[in-house]
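For reference, the structure I am asking about is given below.
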């Protein structure tokens, strides 16, 4: 069977120009921010694919494009073999889209405060005109809450419980793929563990596939089967989890792993990384990482490296071995 | 100890509300010595920020200190009135918050903000202050400091802004810096830069730091001692290596076991059941007992023992009884 | 929470009949409402309590006017010209009747005309606000959620309208509508034209606030979740966003009610509003001012004081509501 998600040469531009009149008066050119730049990757069925990166890496944008909240500027996305941009059969697209759900970062903003929990959970079904009798109760129990909670409102729940409700809502659609955008970054550590465990259990029970978007390497290391590292909208390394954490190939990945605080790093003296993430409207020429890269050579400033198979994964670096 | 910079004894903060009087900080005691970093960790609502605000005298009313003492360099500061406390805050205590914009005036160039602070608290001339401002910015790693002193806060990136805040916090040469989640809003690579900077500057000047954060990794790499707070009370206090590798309070044990790193990939995480109670719904006895795996009748009846500074490590009747 | 469990434990003790269950639910709902922040802050604000009582008294007086009013001022059969120009609280020189607030030139009881006048004023006020609210909320939702050139057009129209004083807009609309109405229907139509004229001059506030609130809600993740679950724009606007922007709408509606009542009084005072056959408070004030300098002060004073009390109490209630619903504005 083919992979569940196939992303090919994905590009997404945002127009971040000043308003038209200001542009004319101040003689400024149009400003285009390329949030996603020629990204390709596949997600195998029933696996967890993690996208990691710092702010401006385009990880959330990719997630939104895959669930259909944003259209891509260029490139193709096939989910379950269907490309929504080129599929003539509308019914097929609709059926495919039901199977993609999303869990958001902020458990407070992702539930409508005026809706009862039961209605919130049933929305994937009712929004499409279906009946959802008893579904919410069943799902609430499945995510570790009480079926009687259907008549409560979101404000009666803690952050962790709300994220469980979001998970229940995603499950209501009987999804194949769940895009999780920083699902635990708003939660406390002890609660985060509960939610991550629940997600692992549900994945086994329902045969789910996760696209896991996170900036937190420790969570990625715990959850992911495959990890893709993004920098400034470009995929720069992709490898199975063990390979990536044991033997990172790209200098940026190395730096990220080195910079992340370690629980057993008592008194560790880290050589702090050089520089900051560049302005994404004017990205560096060649390899986007070259101004901060400790091993950059002349070629890196002129030519953009493509992803190439090296070892167990793919990496976009001329100097990686 | 003669080089104790900050000493907090039995600090209690109360907030009168409709639901009764809440105690976000309850009989908290801690000490920080010169040049040392004390990490204060806890989950949201544990009272760690409230403790920091009490120390710098910036509690939002109706919250107020209702008991205990705060000593800074041998002088009691919790009884000071507003004006003398303001002088102490600028001169002897520096502050770094999560959002650098709250500490910077958006309408003033950063150079003016630095020189103003120095002129107010140090006995130096204006030209000397400007020289020092440039030096301070260079020290925190702002490239082209001599030109950038004329820039406004919004012209800096988040990481650079936090560097400016650190320069501002340290420019009056305080003996204590209270840093409340200084790197939470920053990316991993920038976080590493800021932490390294804080550590270096304080080691060089012998400044004591109270580092408030929820990130155990940051604590492990930065702090000398760590205070773990739960529901307004001190749960465990001790040298960072001991607390993190051999925790004795069941809460700290659960917390350490529930961090993804501890599971080392693939395995299930250990989880503490439930969530921290709201201050309005604190259980009787030890606040942790409903979630505690080793809770006994005594825990349900009696509040956990209060930790004094320098006492034993964990505020638990049965500390160390559950294996780590 | 505790009150709820108490209520549940209570049930077996009392007879478990239908009525007691309903009653129980009602007490529970009441105790929840009484315990809410809303009621709590209401009780703590003397201004809110007094304004509420004054407004409630005036509205009740108007609604129940046929029960309270000693006379029906629109029924010529109850009038006695001999009672004209009676002073307040003093027996009439000819008939010996006593009128609390005196009478006007035709012997109409001022107290009764005020009660009946308030009915017109309040009806026009409520109806105009309802009209402005429906129009403004709809356009605001569309401008905020759909945005683009549609939103831009809506908001530019709103901006243009804001540059005219509201009363001028209302007079303009009133004048144009009058020109199109046949002569014999003018008096009947006057009230409805008044409502539309005032409503059209007040929708902008609703539209602006709703548009702002909608743009905030639109960015929230629950709206994105609804979108990816296939809910259409209309469904999202009505089922998701509308309930979440109603708080500020309520505040504006209250403050607009005070404004609408004053606008109606102003128009009627200027003679372009409610006709003398259906006198509102504004019409009464216009009539009364003719007698101010001939010593019959009560004909002007009492309707004016009533208008003041009505507008002020509603306005203060609106201010309090704004503080409660949006503490950041304080």
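Think of it as A, B and C in the order they're written, each chain with its own count starting at 1.
The definition used in the following text is that a contact is a pair of C-beta atoms (placed from the backbone, for glycine too) under 8 Å apart; a residue touches a chain by one contact, two chains touch by 3 or more.
Every value quoted in this text rests on a predicted model; they were computed, and no experiment measured them.
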Worksheet item: If each chain is a dot and touching chains are joined, what shape do you get: line, ring, star, complete or other?
Response: line
Item to complete: Taking CA centroids for every chain, report which one is farthest away from subunit A.
Response: C
Worksheet item: Using mean CA coordinates as chain centres, what's the subunit B-subunit C distance in Å?
Response: 52
Worksheet item: How many angstrom between the C-alpha centroids of subunit B and subunit A?
Response: 32
Response to the item:
So, in whole Å, the Cα centroid of subunit A is separated from that of subunit C by 50
Response to the item:
By the touch definition above, subunit C meets two or more other chains at residues none
Worksheet, complete the sentence: Listed in rising order, subunit B residues that touch subunit A in their complex are 43-44, 157, 159-160, 187-193, 195-197, 214-218, 220-221, 240-241, 244-245, 254-256, 258-263, 265-266, 268-273, 275-276
Discussion item. List the residues on subunit A that touch subunit C in their complex, please.
Written reply: 64, 67-69, 94, 97-98, 100-102, 104-106, 109-115, 120, 123-124, 127-128, 166, 169, 173
Worksheet item: Of all residues in subunit A, which touch subunit B in the complex?
Response: 54-55, 158-161, 188-194, 196-197, 200, 215, 217-219, 221-223, 241-242, 245, 255-256, 258-270, 272-273, 276-277
Item to complete: Spell out the residues on subunit C that touch subunit A in their complex, using ranges where they run on.
Response: 220-222, 224-231, 235, 240, 243-244
